[in-house]
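Structures given as structure tokens follow.
There are two complexes below, and they share chain A, which is joined by chain B in the first and by chain C in the second.
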Partner chain A sequence: MSRLRRAWLVALALLLASCGGGGPWQLKDIKGVVPDLAFNLTDDSGRRVSAADYRGRTVLLFFGYTNCPDVCPTTLVKLAAALKDLGPAAHGAQVLFVTVDPKRDTLEALHRYARAFGSHVTGLRGSAAELRELAKRYRISYSYGTPDASGNYDVTHSSAVFVFDAEGNARLLVMPDSGEKAIAHDLKLLLGARQG
Partner chain B sequence: MSGWLAFLLPWEFSPLAAALALGAAVAFVRGARRVPPGQAVGVARRIGFFSGLALLYFVMQTHFDYLSQHMFYIHRLQHLVLHHAGPFLIALSQPQAVIARGLPARLHERVLTPAWRHPLVQGAYRVLQNWLVAPVLFVGLIYLWLTPEIHFYAMLSGPLYHVMNWSMLLDGLLFWFLMLDPRTREQGALIGLGPRIGLLLLTAVPQILIGADIALATHDLFNVYGVCGRAWTIDPLEDQQLGGLVTWIPAAMMHAVGTLVVLSHWMRSK
Partner chain C sequence: MRGILCAALFAFALPALAGGAAVADAWLRYIPGGTPAAGYFTLSNQSDKSLSLVGAECADFGMVMMHRTLERGGIFTMRPVHEVTVAPGKTFSFAPGGYHLMLMRPKHPLRPGGRLPITLRFADGSSLPVEFVVKSLQAR
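Showing the complex of A and B:
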């Protein structure tokens, strides 16, 4: 029992040391807390893709849907603005927008939507099972509201953007209240570290 | 498969949890058959033990666990069972001797008894069950995991989430076995019946405080649920208020019931 307790304390201390204070980051540090980037989905041009296809780039993984009235457009606009701040360095970054509403979001709709937020954004779509697996891996959730008279419904979903480095390790979390400046600051560091 | 059956399947299967639950149930049934005449295990004890075990299994190894990961007040209900209701019912049924009788003799005599009597295990047990350490640990764990920053990472990280839940379960078992021991100090209990009444009432106070603090907060303290997505659409503050009430009222009630149980042991000992 005492050994078990000690193990908890050590685990906790390590975690707090790696997550809490210190470090150059302005976003939330999730190194070692969240699993590496891994998925099997279809991109908005119809190609089957996995995490390996994005190795070497800083990936910003975000879950949403194209009919989303608030969180998704504001987040994507914020990410686009942060990437613009980075200038040419932004070419090393890739935003992956995974739809949590594959029923309504066709590949074409997803493609149009993603491009509207810039060339760094790619829409991804999966089968119900692929999406469920991905959500479970990152411990995120989505659920569908009751459709109104014309069949429209809201989707409750995660609002965070998971940031992965070029090797696919989870590094940072963009929170709903993270500012464009903080995002640009941290992405610059992450992209710079890759080149250096 | 129908919705309810699917709901009863594990969300994240834990071989350890399944093996412990099954092992405890089988050992209890076997042990209850083997007790000498005159010491038969009464219906109330059987109901207490199996309802406690079933509650624990339900919150850990069904899709209830999924809801607990994505809704603050369901998470608080899960911890109410792990830290209070489940261990309370099991401790109330005093199953130790029955389970020991139902275990395979070799496992009992060659592994568990020597391990239990090992000085390190006994020393650690004495420390954890000390009259000051046990209540501080019991309340401290609640405060620890409800610290917003720590809570955030516990909900984001799979391994830390399991450390959180197992720590609540183990501490719940330690605490309620200590508190609900029917024996007096002279008969071998670690803490006397009178002092236990005081400890039970005292430990309820910080739980009422933190529960009320959460229930009455006017801003979102635990934003991880918004960040990771809630299980269904609910106003974040409403979710938080419900969670605060669960932390506050049923937990305090368990302490009141515990006090009555100890009081009845005390009356009987007179």
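Showing the complex of A and C:
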């Protein structure tokens, strides 16, 4: 299954590479390629939420887990820096951090983690079934390693950040090598289009 | 002050100080709330023999491991690393998105701007006490 998902990602990357070049975007344009925003999860304050709760905002959807001290913070810090570049316009943007490790990531842990990165970040958690459904929708891969003597285990996860416009349409993909400037540039366009 | 004292104590407690090993830019990104922190530094081998880093210890964390973040086809994973060998005259960097010290189970909250003593252990049995600067989340 994970091989299948990886194959899908590679296919997506190839497709995107072949049709890139046009348009004003510096990030990967995924309009019409990735499904629109839809989920049923619990936010880090314990509220049941769905995509409808974030209509009207530009949503940055990111999958990770709090026991990830290297890649996840690097991405969240990069997103925060890009949003800071936007000034007050950033209020129209919302980062949703979905944990792929709901077993260890309690709502409380998720809340502390998300808040540490700023008020624009909200942690989301689902049951195993809810997470599976969401992962399937966005072709997100995650898996767990074997726990060690103290119960710690590795989590493997996709790194991309999906960007959705105010209507919930998938628009852009932030990759690990996407720069802060490119993210800020595209978010500014997306947020501007919303107001225009 | 406490850090310096600790480093000095560590130095006395350990059998031998690593000769020719030097560390620069040692820092760690601390995330409040009990989740693991990542430690980064640049290790240089100023001796004429190869230098093998085999682990690290820190009294303020329950466990310290060496990890490497790997990316393949957009999928990230962290893998334990058991040994990092630096050739004579060469340097090796632990940096975001690559190698890091995985500092697990913090015993108490850390203060950004503070210092944390961590001891690096080498294959020949020697070790090197290093002071890591605790940086806030926004550090990169």
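Just so it is clear, the second predicted complex is superposed on the first by the 177 of 196 C-alpha atoms of A that agree within 3 Å, B and C clash if a C-alpha of one lies under 4 Å from a C-alpha of the other, contacts with A are read in each partner's own complex, and residues count from 1 in each chain.
Just so it is clear, contacts are C-beta pairs under 8 Å (C-beta built on N, C-alpha and C of every residue); 3 or more make two chains touch, one makes a residue touch a chain.
What you see is a predicted model; the values in this text were computed from it and never measured.
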Check: Is A:34 contacted by the first partner chain B, the second partner chain C, both or neither?
Finding: first
Next item on the list: Pick one for A:129: touches chain B only (first), chain C only (second), both, or neither.
Entry: neither
Next item on the list: Tell me which partner A:141 touches in the superposition: chain B (first), chain C (second), both or neither.
Entry: both
Note to self: Let me test your reading of the model: by the given contact rule, A:176 touches which partner, first (chain B), second (chain C), both or neither?
What the structure shows: both
Check: Just chain B (first), just chain C (second), both, or neither: which does A:69 touch?
Finding: second
Item checked: Shared chain A surface residues [contacts with chain B and with chain C] -> 141, 154, 156-160, 175-176
Next item on the list: Using the touch rule from the top, collect the residues of chain A that touch chain B in their complex.
Entry: 1-2, 4-5, 8, 11-12, 15-16, 19-20, 28, 30, 33-35, 63, 138-143, 145, 154, 156-160, 173, 175-176
Note to self: List the residues on chain C that touch chain A in their complex, please.
What the structure shows: 29, 31-38, 62-63, 67, 69, 71-79, 96-97, 100, 102-104, 137-140
Margin query: List the residues on chain B that touch chain A in their complex, please.
Written below: 69-70, 120-121, 123-125, 127-128, 149-150, 152-153, 155-161, 163, 167, 170, 223, 226-233
Next item on the list: Note which residues of chain A are touching chain C in the complex, please.
Entry: 6, 9-10, 13, 66-71, 73-74, 77-78, 80-81, 109, 112-113, 116-117, 141, 150, 152, 154-160, 175-176
